[in-house]
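Before anything else, here is the set of structures, which you'll find just below.
Two complexes, one shared chain (chain A), two partners (chain B, chain C).
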Partner chain A sequence: MNETSPVLNVTIDGIQVSVPKGATILEAAERVGVVIPRYCYHPGLSAPAVCRMCLVEVDGAPKPLPSCVQQVQDGMVVHTASAEARKARRAAVEFLLVNHPLDCPICDAAGQCELQDYAFETGQLRTRNIEPKAVLGRDKLTPDILYFADRCVLCTRCVRFMDEIAQEPVLQVIQRGHKGYIDTMTDELFEHPFSMNIVDVCPVGALVNEDFLFKPRAWDLDQTPSICPGCSQGCNVLLGTKENRVLRAKPRPNNEVNSYWMCDHGRQALVNWGAGDRIEVPMIRESGRLAPTDWPQALAALSRTLEARPAGARAIVSAGASNESLYIARKLADKVGFKGGVFRVETGPEAGLPGFPKLRLRAERAPNVRGAELLGFRRSADVLEAIRGHKGVLIVLEDALIDAPEDFGVELEMFIYVGTHMSPAARRADIILPSTTFAEAEGSFTNVEGRVQRFAQALHPPGLARPLWLTGSTALAGLGAGAVYRTAAAAFDALVGEFGEFQGLSYAKLGLGGASVAEAESSAANVS
Partner chain B sequence: MAYPHAHPREARVLSKHFGEKDAIPIDGWIERGGYKALDKALAASPDDITQIVKDSGLRGRGGAGFPTGLKWSFMPKDGGKPNYLACNADESEPGTFKDREIMRWTPHQLIEGCIISSYAIRAKHAYIYIRGEFVDVVRILNQAVVEAYERGYLGKNIKGSGYDLDLTVHLGAGAYIAGEETGLLNSLEGRRAEPRIKPPFPAQRGAFGMPTTVNNVETLAAVPHIVLNGADWYRQWGTSKSPGTKLFSCCGHLQRPGNYEVPLDFNLRDLVFDLCGGPPKGRQLLALIPGGSSVPIMTADEIDCDVSYEGIEAAGSMLGSGGLIAMDDSTCMVRAVRRMVEFYAHESCGQCTNCREGTSWLAKILRRIERGQGREEDLPLLLDIGANMAGKTICPLSDSAAVPVVSAIQKFGREFEAHIQDGRCTAVN
Partner chain C sequence: MAIGVKKVERPEAGSSYLRATLKGMGLTFRHLATPITVSQQYPEEKWELAPRMRGTHRMAVHEDGRAKCVACGLCPTVCPANCIKLVPAEDENGERYAAVYEIDEFRCIFCGYCQEVCPVEAIHLGVHYEAAEYSRERFVYDLERLCEQDHPFTQLWDPEDPASE
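On to the complex of A and B.
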C-alpha cells in the first residue's frame, strides 16, 4: 500500500483493517482472512452482484449489502456472520437449490463445487421445497464444452469471461427469469482459443470439459503447481494427476503472467505431454551394440568421456528442458570444451486475450527459449546443419532428432543422448541417459519475458529415468567439477553463481510466483 | 357522455381533453392552449424551471413518488458530458393504463412536457421509451413528434431560443422489467433490460454512460401545466406532501372502470364507490389494490383514507402507479394472488437469485394450494420466502412479487386456510 493513498479503516467481524480507497468489503475481508461466500464474483471479472450470496450486514445500512461491489467507507462496521447475514446467505443457497438437481454423485463438479460447499456450510440438511424442479436440458457450446442448464446458477461468469476477457461476447443469457440459460445466439458451436476458461470459472458443474467428464472424481486428483510447457508464455498451472497421469491442468493465478487464465492449446499439450514409449534405463554401447545398464555404469562411461578434447563438444538441446538440466548440459560440454550449442523452436499460430494482453499463446511452442539462450545456447532453424562437420563430442538433450539422416553421428567421437523418447537417431548414441519430462522432476523455466518460474514434481518418472541435473552433476562431481545437485534448488543456485544474467535470484526467492532475470537480448529477432 | 366516464368530482388537468379526437393533432392542441408553457419556459432559465417544479411539489408518478424537481437538480450543469432525458412510457404495472391514455389522446401534452423538462436539465436529446405493445399509441406519438419537428418545437433553435432538442421514440420489446429505470436504460442501449446496481444513479451515469433523468409520462405531462400556471396553482390540489392531481386507472370489479383524475387529497372510498360506482350490484367489495399489483392489498375496511402518498401509506399500502384494482366477494384470493405472482415469475429478469428462484417457487406453491394440495406449513413457508425475497435484490421486482403474497396471507389468511383444509375454494360465492 502506498503511504500517500487514502486509507480507510473498517471493522470486519470485530477485526480492524485498513484498506485503500475503492476497496470492496469482500476484498477488505479477505485481507483479514474472512472469506465471504460468492458465486457471481470472480476476482478476474467485473462484479454484477447478482447471486446475492455475498450479502453482509453493515451497521447503519437499512438492508444487507452485496460485499462484492459495496466499497468500504471509513469507519464501516461489517458483520459477515451475524444472524441477518447468515439468514441472507441461507436464503440465497436455498433459492439456488430450488431448481438445482442434486445429481452430485454424477456431477463433474462434486468435490470442487461452491454450491455444494455452501449448502453444507449453511447446514441445510432438509429442503423446504417439494415442488418439481425445472428441467432445462443440456447443450454443447464448443466441440469440447458441455453445458448442463439445470445445474446452472446463472452467475454469468462465463458470459463475462467471453465479454470482458476474450472480448468476443458470444455467450449470453437466453430467455429470462427461471427459464434463463446460457447459450450462443446461433445454433452453431463456437470456438475460441481460450474457451476452456469458462469451465474453470463456472462455480458449479454447469460447464464441463468433455475430455474430463466422468473420468476421475475431483477429490481423487493430486494437485501440483507447475508451469505450462505449451509455449514460451509460461502460464502458471495446477496439474491434476491420478495414478501417475496428468488428467487436467487448471490455471494457477499469477497476475504477472496469466492472471486466472490459460489457453486451450496449453491444456491439451499438458495432458498429452510425454506420451509414447519412454526410455526407462540408461544404455551404453558395448562392442557396437546398445546395452541396458545401471546408473553407476552409465555415469562411469559418461565420466570417461568428459575429458578435454581438441574437437571439443557441441550440444543440441531442447527449449523444453529446465534451466537446471540445460545448465548441466552446458557444464558437461564445458568439461570437454564447449564449441557451441543450438536448439530449435517449433512455432505455431499466436492467439491473444484482449482483456489481459500480457497473456498470449506465443508462437514459440516451447517453455524455456529464454533460459536456453541465457545459458549460452543459440536458436537455430536447422540444428543438424549447425553441427555439420563437428567431429568431437555431441551432447543431445531432450531433442529426439527425428529429422536426422540414417547415418547420423558417424563422424562423432562420442555421441551422448539424454532424452525421454527413443528415435532412430538416438539409437546411434554411445551413451543414452533416460531423462524426465517437466512433470516428472522439479525445476524452472525462463519465460518469454525473462521470468524464471519453478515447477514441482507431479509424476513419478518411469523406470530409472532421472533429471540430468541430478545424473550429470553426479558424473561431474566425480571429476571434481562441482557438487552433486540432489535438488533443483542446488542446481539452480549453482547456475546463478555462474551466469550473470540470473544474478540476484535464488530458487527459494523464485517462490511459486517466479522472478525476472535482468534484461537480456533475445535471439528471437535474429532467426528467420 | 365524455371519455369513457367523467365525473363532476374529478379535477381534470391532464385528462381534460381525453376523448377529444381534435386534441390529438398539433393544431387542435395549440387551439387548446398547447405549447404556451414552452414559450414561457424558453424565456426563463433552466434553473428557474427546475425551481418552479420544485416549488410545486410534483412527485414522480411512476410509483416511487420521488420529488421531480429534486431529481432534476442532481443533473450536472457543467456540460462536460451530454445530458439525456428518458421518458418512461413502458407502462406495464398490472392494473395501470393512465400513460397510455395520456399519449393516445394528448401526445403533444407529453412532448411539450419532454421539451420543457429537457430544457430544465440541459438535455439536447430526449428519448421516449414506450412499451412495444402500444402499437396504436406509438403511431399517434410518432405522428405528433413529426408535427412538432415541422412546427419548430423540436430540432435546432427551438422557436428562436437557441435551444436545440431531438426527441426519439424508442419501442420496448415486451419486458415489464424495462420499466425499471435502469433496466429501461440498458434496454435503450440495446442490452438486456437488466436493472443496474445503484449507485451510480442515472443522474451520474445513465443512458450510454451519460447523466440521465428518467421521468414517468404522467410526471412529464404535468410539467407544462405547472410551468404555465405556477407552483401555487398546482398546490391548490392535494396535500402539502402530495400536491396536485393524479390519474387513477380503476379496473376490476367496478361498475364504471376507467381513468379518473382526482386531487391527491381525495378520499379513496369515494373514488371507488362514488366515481367508479363501487362493485357490481349485489356484490361486496372484498379487497382493493390502490397502486398496481406491486403494492400491498387492502381490505374493504382499510380504504377510508385520502389517496395521497402519505395517506395510503398510513392505511397500510402504497399509492404506487395509481393502478387501482378492485376485487369483490366473488374473488378467490388464492387464485388472484397466484395470478399476480405468475406475472412476476414470468417477468423477473433472472439476474438475482432470490427473485429468479423465489418468484417461480412462490408461483408453484400457490398453484398447488389453489388446486387443493396445500399443506399447513405452506403459509409460514410463503411468508418466509417473501421475507427472503424482500430487500435482497438489485431492483424492487422481487419485493413486488412478495408483497401481494405476504399482504394477502396477512389480511385474507382464512381464505388460504380454507383452501388448504377443504382442498378447494370455499370463499367464492
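On to the complex of A and C.
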C-alpha cells in the first residue's frame, strides 16, 4: 500500500472514498466511519472470513460478499445497511445464537461483547429455535485463562493469534459444527508470556481472565490511557480503574510500540499498582523525630536545604519515575551542586513476540531507563556503593532502599526522601515528601527506543501525596530558580529547553502516540 | 400632591358574621348526627394495600434458601439513588454470586427500577410500609435480611389488568 500504488474509488453507503489497491471493503468503510460488524476479522490478524458477519451487498455481485477479505475494485458500489445485507447479518447472528447460552448477566464480557452489540443491532429479539441448547461446559487453557465453550462463536481469533503473532500454534478448533470448540491437542495447560492477548481478541466472553472473573462489570470501569511501567518497552495501555484501584490493563493500539498486544507480565504487574503502606503526608525531622507537617512547612524546610554546599548533592532515583519528576529531582540537586545521580534497574527474563518483533518483554523492568539516562543519571548495579562516602545532600526519588544498612545516612548532611512507600531507610530521612505513582499523576516516560510517551492520571493520589514536578518546582520557584510547574506539560516543556536530547518535542505534540527523541537509535545502543 | 383615597362602602349583609357562623355550626351538627367512618383503628386494623404498592425490598430465594441473585450488577447500575452495594464473587461451584448485597432503604426512592431490570427476578420491592427501626444503621438491609422478608412482592403491573387499559 505505498503511495505509487493506484488509487481506487468506491462508494460505501453513498459516500465516495478513495483507497489504495489491495484494501478490503471493511477497511475502506472504516475510513468513512462505517463500521461493519465482524467477529473473525481483527486488524492485527489475518482474515479467514469464517464468521460471515461482515457480509455486505455489492452492486453487480450475485450474493453478499464478506467485506473483510473482499478487496475493493474501482467503481464498486457497496451497501452495508441495505435490506439484503441486514438479512444476511441477521441470519449469521441467528445461527450464532442457536447455542449461545445468553448468560449475559453473569458473563464477564457483558457490556464489551460484540455478539451482544450486534444481536441488538440486527434486532432479532426472539429465537425461533425450539431445540435445547448444546452444553459444552468450561475448560482451562492456561493457569489464568478459562474457556467457556458454550459462549464461543468459533471466530478463531485466538487460534490465529497463537499461530501468527505468538507463532506457537497450540490452539486448535476441535470437532466441527455445533460441537466445535477451542482447545490444545494435549491435556496439559499451555503457557506463553503473551497468552492473555487471546482474552483481548475474543469478541465474546468465551475466553476470560480468571483473575478478573466475576470482579467488576465492564461498564463500571473508568478507562484511562496510560503507559505500562512493567518494562522499558512502554506498551500503550488502557487502565481499567474502579474505586481508586487499578483492576486491569488492556493494550491500546500503537503500531510503533506494541500494535494491539501486551505481555502478561505487564498486566499482572499493573493490577493494584501502588497499593500498600503509602506515605500520605510530608514529614520533617524536628529534634530527632519525624513529625507530619503540611506542604508549605515541608517545602520551606526543603528550600532551606537548597543552598550551594561544598559537598554537593547526589541522587538515587528510580527508573520508574516520570521524565518530569526526574527533571525536578535533577534541578533540586543542581541547586545544591549536582555531584552525580544513580538509579538501579530490576531485570528479568526477556520474551519476544515473533509475529510483531518490535514488541518484547524487555529485561529491564522499569519504564523510564532511557529518560533517567538522558537526564544525566547513571545506571548502577549497587546504588548504595555509588554514593558511599558522600557527605552532602542526598535526594532519593522513589527508591525504597530496602537493602540499605540500618545506620544509612548518618554521614549525610541532609537526606531528602521523595517516594510513595515507607521503608526503614526512608524513616531515617530529614525530609520526606510523599509522591505519586505513575497512575496518580500525568507525565511521560521515555522507552527503550527513545520514544517519549504520555500517560494520563487514572487515580486520586492518597492523602497529600503530590507529584515531585509540582512540589519540587514550587520549592525551586520560591528560591527564584524556574517557575512553578502546575502541569506535567509545563514541566516537560521546561525540560525540553534544558536537555538537548529532547529537542523539538513538546508535551502537546507527543499526543497519545508519543514521539521519539533525537538520535534515539544511536544512543539506544548504550542502554544495555 | 396628596394621594387620593377611594372609600368603599361596606355592604350591610357582609358586615355581620352571624350568618356564616350559623352556616358552619349547621355542618358541625349535621356530622354529629351522621358520623364519617374513614378513620382506622391502626395498628389493630391494617390498611389494605394495592398489589403494585412499592415498599421496602425483598430478595427471592431458591428452595434451599440461597438468594436468587447472580450478582450481575444491573441493579446498582440502574439505581438512580445509588443505594445498592454489590460485591460479586465466585462460589464453590464456580458460579457468580453476591458476596455482599446491601440496600440502603433511607437512600432508596422506591422507583422499582431494580426489580424491573433484574434478569433473574431476584430483587423485588415489597407490598410493605412498616419499616420503622430504632437505629439508622438498621435501614441498610443486608442480603440475609432481604431474604428473610416475608411480605408479598410488588407486582410490576396490575394482575387483573396487565396491559393497563
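The rule is short, and it goes like this: the second predicted complex is superposed on the first by the 515 of 528 C-alpha atoms of A that agree within 3 Å, B and C clash if a C-alpha of one lies under 4 Å from a C-alpha of the other, contacts with A are read in each partner's own complex, and residues count from 1 in each chain.
In this text, a contact is a pair of C-beta atoms (placed from the backbone, for glycine too) under 8 Å apart; a residue touches a chain by one contact, two chains touch by 3 or more.
If you're wondering where the values come from, they're calculated on a predicted model, not measured in any experiment.
**Student:** For the overlay on chain A, clash or fit between chain B and chain C?
**Tutor:** After superposition on chain A, chain B vs chain C: fit, no clash.
**Student:** Once the structures are superposed on A, label A:105 by its partner contacts, choosing first (chain B), second (chain C), both or neither.
**Tutor:** In the superposition, A:105 touches chain C alone.
**Student:** I'd like to know which partner A:134 touches here: chain B for first, chain C for second, both or neither.
**Tutor:** First partner only, chain B.
**Student:** In the superposed arrangement, which partner chain does A:178 touch: chain B (first), chain C (second), both, or neither?
**Tutor:** A:178 contacts chain B only, not chain C.
**Student:** For A:213, select first, second, both or neither according to whether it touches chain B, chain C, the two together, or no partner.
**Tutor:** second
**Student:** Let me test your reading of the model: by the given contact rule, A:94 touches which partner, first (chain B), second (chain C), both or neither?
**Tutor:** A:94 contacts chain B only, not chain C.
**Student:** Look at A:289 in the shared chain and tell me whether it touches chain B only, chain C only, both, or neither; answer first, second, both or neither.
**Tutor:** A:289: touches no partner chain.
**Student:** Write the angle, vertex at the C-alpha centre of chain A, between the C-alpha centres of chain B and chain C, to the nearest 10 degrees.
**Tutor:** 90
**Student:** What does the superposition give for the shortest Cα distance from chain B to chain C, in Å?
**Tutor:** 26
**Student:** What part of chain A is in contact with chain B in the complex they form?
**Tutor:** Interface residues on the chain A side: 48-53, 55, 62-64, 66, 69, 87-88, 91-92, 94-96, 98-99, 128-129, 131-132, 134, 153-154, 172-173, 175-180.
**Student:** Would you tell me which residues of chain B are touching chain A in their complex?
**Tutor:** 175, 177, 192, 197, 345-354, 356-361, 364-365, 368, 381, 388, 391-394
**Student:** Please name which positions on chain C make contact with chain A in the complex.
**Tutor:** 70-74, 77, 88-90, 94-96, 119-120
**Student:** Hey, which residues of chain A end up touching chain C in the complex?
**Tutor:** 104-106, 110, 138, 213-217, 219-220
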